[in-house]
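Consider the two complexes below, in which subunit A is the common component and subunit B and subunit C are the respective partners.
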Partner chain A sequence: MADSETRVVRTTVWSPGPGCHGGCGAKLYVKDGRLVKVEGDEDHPFNQGRACPRLLALTQYVYHPERLLYPMKRVGARGEGKWERITWDEALDTIEKKLKDIRDEYGPESVLFCQGTGRDIGGPISFLAYSYGSPNWVQLGLAGQSCYTPRLAAMSVTFGDFAVLDAGQFFVERYESKEWQPPKCIIIWAQNPMSGCPDAFQGHWIVECMKRGSELIVIDPRWTWFASRSKYFLQIRPGTDGALALGMINVIINEGLYDKEFVEQWTYGFDALKERVKEFTPERVSAITWVPADLIIAAARFYASSKPAAIHWGLPVDQCPEGTTVAQAITHLWCLTGNLDVPGGNVIARASHNVTTYPFDSHQLLSLYGEELVKKLSEKRIGAQRYGMVRNFRGWAQPDMAIEQILTGDPYPIKAAWIQTTNILGGQAADLRKHYEALKKLDFIVAADTFMNPTIMALADIVLPVATFAEKESFRSWWAPLSVVVPAVKVGECRSDWEINLELARRFNPEGIPWKTVKELINERLKPSGKTFDELAAQGSWEMPPEGHPSRPYRRYEKGLLRPDGKPGFRTPTGKVEFYSKTLEEWGLDPLPYYEEPPESEVRTPELFKKYPLIMATGRRSPVYFHAEHRMIPWLREIDPDPIIEINTSTAKEMGIEDGEWVWIENDRGRIKRKARVTPIIHPKVVMVPHGWWLPETEGKEPYLYGIWEYNCNLLIPIGTQGKSGFGGGAYKTTLCRIRKMEKGEV
Partner chain B sequence: MPRYAMVIDLDKCNGCYNCFLACRDEHYGNDYPPYSAAQPLRGHFWLRVIEKERGQYPRVKVAYIPKLCMHCDNPPCQQAAVDGAVYKRPDGIVIIDPEKSLEQRQIVDACPHRVIFWNEEKKIPQKCTFCAHLLDKGWQEPRCVEACPTGALVFGDADDPGSKVSKVLHSARAEELRPEYGLKSRVKYIGLPRLFIAGTVIFGDTDECAGGVTVVLRGEGVELSTKTNNFGDFEFEGLAPGSYEVLMQHTQYQSRSINVIVKTDLYLGENVLERMA
Partner chain C sequence: MKVRYGLLIDYEYCTGCHTCEVACKQEHNFPVGRWGIKVNEIILENFNNRVSIDYLPFPTDLCNLCSHRIQDGMLPSCVKHCQAGCMKFGPVGELAMEMEKKGKMVLYTPK
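On to the complex of A and B.
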């Protein structure tokens, strides 16, 4: 409640702070220049006043006593924890000189620009990397680039765009919009939308659909809340989602349940797909996936006969073996059933008002940075020569190859890393030890973040303190609405990612960067909307795309709103939805979806399975944490205090493990310890090990590094399992392990 | 004068924890005299979310139960307090006076729901006030209700027949948590987890799921009947603990009967019916 001395700033939430993929409207209450309270903004259509625990704990984050508040340089050896406060000028001068020296001697490609998951970082970091001249913008550690990129690629090659479950999020009136209708059936595929903050999607959107009659099919190895309220729950073997999707396509085609009119008029390659799925009978798929055949059939029938129906999917799809093709098969489900870009289906999602913050696809890459840079990206970028999809879809360097290249120096040496918004060693890096050893070899490492973490402690030479969303100017056009992030407070000497990177970009490329302030840069990017930052801020921080705009639904393929030539159809080589992908064919990949067994499994490696009889799936979300963040926030930590492992009640009983006891999780790559959470919700042959665990309250100096060697599950996960496309297949959900109760005296 | 009540619809609560965090944001570091002193940084759950996971593979149910002061009409904390340290406002809100309750640890122990917390530093018992300080300022609901993204928490005047809360209160499904305590709670629940017995029936001759089998459950004074679905599954929910007989019948198959003693939720696994000769 605002009193006379309290100012309310209406803004858009995008990391850092809650850390998530963002999009909510928030009201920040400021008193005497200090943030005192946070609420969801009831006038913002994205969240309609709702918030999440991490947003509600924002004051704890912003004013945390351990937050990084000023630049520092390392004064001891790496890992000794000896830091000295320096000025911004000294920090930026040092970085400029070191990186320019490296550029002169080894070429700009010898510097990696590393980010974590895609948030308000893709814009600033790719901008900096390209201004410096390096094509190596990379989610270092993320095996197989297995987070959304495989799904984006699969959708892009199939229908030339991306699509999301339609919960009315493209309309101001949301569920009351006359244009929208609720899906009759929702498939929640490999996600727990309560806890995740997936791809800018919220759990309560699904609950609102359920209130309006949506019935659920849930596909997951865990009984989530949604699973226990579903019509059909398919408790699947981790990593076999591709087979399930192909089996469902088999049922839908063979029983004639597909949308014949849509398939006839708007698609290409139906017969080839029909032929391909022949071998995926429900019985065979059942043997692969553990899902009973009659349940596969019932789910496929219910999905295909419900109009409209929509699929909401999660990151485990990308982490299946050959993640791209798994996503392709699932994409085909909504295309076959005519649920593409219709109300209550999977609706095409374009950057709002065509404003781009960073390149999501090659079209945007071209329009943002021009052909010359794109050419350079294909010549020098790590992975672009080996993988057609890496070369042609988005601007990422391939992470598994990048870490190998640091160690081998082949085909050229890597000398430095710029690490921003990513705690590589505490977070996403599979084969943790290899990343630790490789990164230690680099001559120069800069890290920009909000808190000290294992990565900074082990590796950084210079540390830059980063502003939270409450302290910065930024903008967001990731689907809709178009929104701006409006600063409310200032904390220490923290600067925003945009501010830091604009300043350095100008030093690296003085001729190419005309903007003097972040706001000027943002206004340039906002031009397609016809609005400025200040105008958007003044109107509550957001605006929906106008009627008739290509970034507003529905049935844009009929209206000629999707293709550059303005003709009806899709942005694909045939102009149609391609079940048989011409693009994949051109990139030297199988044009049709297929199934591949996980790299370690009872089927593929039976000998290994005898030794390690449990599937370790990692990464279930917590409502109070975002990946490796927030363990130091007291209000959040007390809800989810310990690094746990979920073990099924019957499995735990067989092994004599009781709830709350500590266990070892082991495989050939090492062992970690976790506290047993004995629960019926996890499949008896699977254990769930939450990721991102390091303990900020413990010793940070080497060799401890806040407990990463004891608790981080990525120690047990391999790299180099990427799919044939270069994308997908990080084995985060499918690695085999065994567990053993910790004996007395063991620590 | 309103008479406040809350209804928590567990069918809508998906365990997001916003209620707990909103309570933290409102009460940590903030005194609201005369109703409450500030929450300490750790250890106080004026609103706690209980995660309830039950059943056995492959039949499991998950629920989240937000639990806060029940603002009982018959509050044992009030009986345990001395010097009038606990009182009930005319609108029904139970308040622990932060000054008068100094050193009165017995107030914490008096609550069978365990929703009163001891503040070690201030030596006082503390709990939910329904955000009385906000209601006094004209708010329609406490912070936790405002923050609930799914509408699972409903709050308002139980005496106003037009209010949402009074409508849900009068639905047959609203009930007290642990009515056996006899406290007359102002907080009621919809969809509280109840014991279930479930199972799957298979036809022995075809090894297929047995749809349309009549299943009868008898025991503890009840007799219930249901039919298996296409997957051969059946379920009885809302049971009291005790002894039951489960009888599976089909015109072309031999009946099968199982006797069970049920203390927790039970999945009986696959039960094979053999074809009649």
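On to the complex of A and C.
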């Protein structure tokens, strides 16, 4: 294949294209300036040559006939689908003028800077928002900010850092590394690692651990492939994970299975936690969670007695009621058992080489933008007055409140939105109709993306074409390795998110932006590594953190590598792992984990449950799609063609629904339709409705908008269910519904 | 005698991720509807009081064991990219020896 005319570019994958949280090494084959093939890079430690279907279908994405290739402006009414090609100069001049006018008249906080999931966007978009002067960097539509931020916050307040399951990902030699050992027990908590690589963790690493002896505990309302291979499968009621975690802590403490030495030496607040979990007996937890008490006990014992043991968790944790407190309880499990920052445990994960791409915590935000600016902006951030965590942790505006504020103008008006690589209406927005109505009220909306989608069609005034990872320069330090994204081809007039945002940032804040090119900016931010973009590119696009560096494991708390003062211990007020969180206390929150029932449930709203007797859990991942993307990619759509609903075999039988028939899913907020997949893998009282469905092959103009009103399950999900911290609790897994077979003649 | 080559699948670890299908389509530029390998799902209820979920890829008549790649000293595309690392390519005799070592394997000899 690599003949004389074919060039091979080694790069690291992040976002547009496969769409994901990235990290894999790829070899891009380029012939006559055209991408002709993609392979996994066998020399890259993240994926060791392997690849997912979305990466392998990249040529169909990059050269798709419907790809956005040049800037456009809207010439008809919003939703009419009338667009006119414009130059980049015209597009950027218009944006600059409109946003400066709005800034002058209403203040910079009146513009929302909206992104979707954790891709190579958090860096460039927060950079643009801060350069413009707006504190409102927001995952608009994501009810309760329920994606990783609650877990990050919980870890941060407990031990001052973040941690991930240790699959040897911090070492070049991976599974062969002498320092590493496989976990003896892995808890897969609310995630199906087969389908993707959430939170910079490649799901299939767990398969490699299984080959090396790891035994599984799986916690999920659905039988996954991993559940079918588990030692213990806890088929849980959606949203009750907090109770389960507290119940497991109860067993571990009362049976004396915790790591006494670690708890004694390195933790604070053990007695308070012991007192708190008293009421969470296995019997009571069983009644809450549907998991038999003996199984809760067996799982807790097996986890606590396996050394080392690790927990891999998923975003449903964030979507539990009070997501942060649920994450806090799960965090306590690995701290109680002494599995923090040990080989094969939950290893502390820092940005590689201390380089910041995408600010994951407040330390990073402050170091990038300075204490003064961040403090000043935080005052006005939406949600900061109400929620101590929104004010003090990271830099997100609270999304449920942001959408309400567009409608109320209280405490200040919102006038414009910058929507960058997020399809809000086809993707994450709960209470779809409210988002649609609110966003329509805005004076000015810019959208930057790779394809036309319902959000752009309904709302955008200016559209900017975005480059895929194969077309861009970028950099990545999401845990390890430190890597760069190396461009291989150029397509149309597409520009990278960094390129677009650097140019606009310069226009909004000329004095504050010294970098002339994206590469200059990247090199500046790479400084802590001692390497430049070109050096990293030349060495295959990546580098692992060196020995002794704080971003390299293990047991950094013993070595004084975690705290700014260089003393042993953790970056918390007491210097210890805090079961009783001083930080939460300071933010006016319960310092200890607790349980709260889902907003709609047989327990909390029994009347509603009579009307809507099924729990609609949404969002199970497809291995061929990333959220609302890829439905237009032929090789991928072929594998997962229809918007389906999973219904348990016995439930379907009772209702006379057969596999492949179309059904209505309804509640008080509306109804959508899906094709039934009748299967034993889902719990009989739960239906699973995959998210992100719009049909790019259908009519895009109003009112159809590619079918969002017919297929998007988020139409049925409320907003405003966020936890007391402001983070967590989006009811994406716990909304009640009923289903009804579609009658003949109904469409 | 000419050496016969095959594909060994360790279906204990095949997760059903569909990578092999798309890897093959890209390599051979197969359009929608044509598959060099197809992943089958076998779900059984109440199997030892559990649900059993297994996947088994099946190389079709379009599979030529990536002969052009083998000539270039590369692995077949599906084998190289398989996310679970559960596929092996080699002479059938050697692969059969692998099967001696562990259960839950199938050996295909597509050509």
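Just so it is clear, the second predicted complex is superposed on the first by the 745 of 747 C-alpha atoms of A that agree within 3 Å, B and C clash if a C-alpha of one lies under 4 Å from a C-alpha of the other, contacts with A are read in each partner's own complex, and residues count from 1 in each chain.
In this text, contacts are C-beta pairs under 8 Å (C-beta built on N, C-alpha and C of every residue); 3 or more make two chains touch, one makes a residue touch a chain.
Note that the coordinates shown come from a computational prediction; the quantities given were computed from them, not determined experimentally.
When both complexes are superposed on subunit A, subunit B and subunit C clash.
Contact with subunit B, but none with subunit C, is seen for A:P292 once the two complexes are overlaid on the shared chain.
Once the two complexes are laid over each other on the shared chain, residue contacts for A:D271 go to neither subunit B nor subunit C.
Of the two partner chains placed by superposition, subunit B and subunit C are both touched by A:T679. When the two complexes are overlaid on their common chain A, residue A:D93 makes contact with neither subunit B nor subunit C.
In the superposition on chain A, A:P623 contacts both subunit B and subunit C. Note on the superposed arrangement: subunit C collides with the subunit B stretch 189-197, while the other options among 99-107, 189-197 or 207-215 stay free of clashes. Taken together, the two complexes place residues 1, 37-40, 49-53, 56-57, 59, 194-195, 203-204, 207-208, 211, 223-225, 227-229, 623-624, 634-636, 638-639, 649, 679-681 of subunit A in contact with subunit B and also with subunit C. Across the complex, subunit A meets subunit B through its residues 1, 37-40, 47, 49-53, 56-57, 59, 194-195, 202-204, 207-208, 211, 223-229, 235, 292, 294-295, 298, 623-624, 634-636, 638-639, 648-650, 679-681, 683-684.
Subunit A makes touch with subunit C in their complex at residues 1, 37-40, 42, 49-53, 56-57, 59, 194-195, 203-204, 207-208, 210-211, 223-225, 227-229, 233, 623-624, 634-636, 638-639, 649, 679-681. Subunit C meets subunit A in the complex at residues 12-13, 15-19, 21-23, 25-27, 31-33, 43, 45-46, 50-55, 69, 72, 74, 77, 80-86. Listing the residues of subunit B that touch subunit A in their complex gives 11-12, 14-18, 20-22, 24-26, 28, 41-43, 49, 53-58, 60-64, 134, 137, 139, 146-147, 149-151, 209, 230-231.
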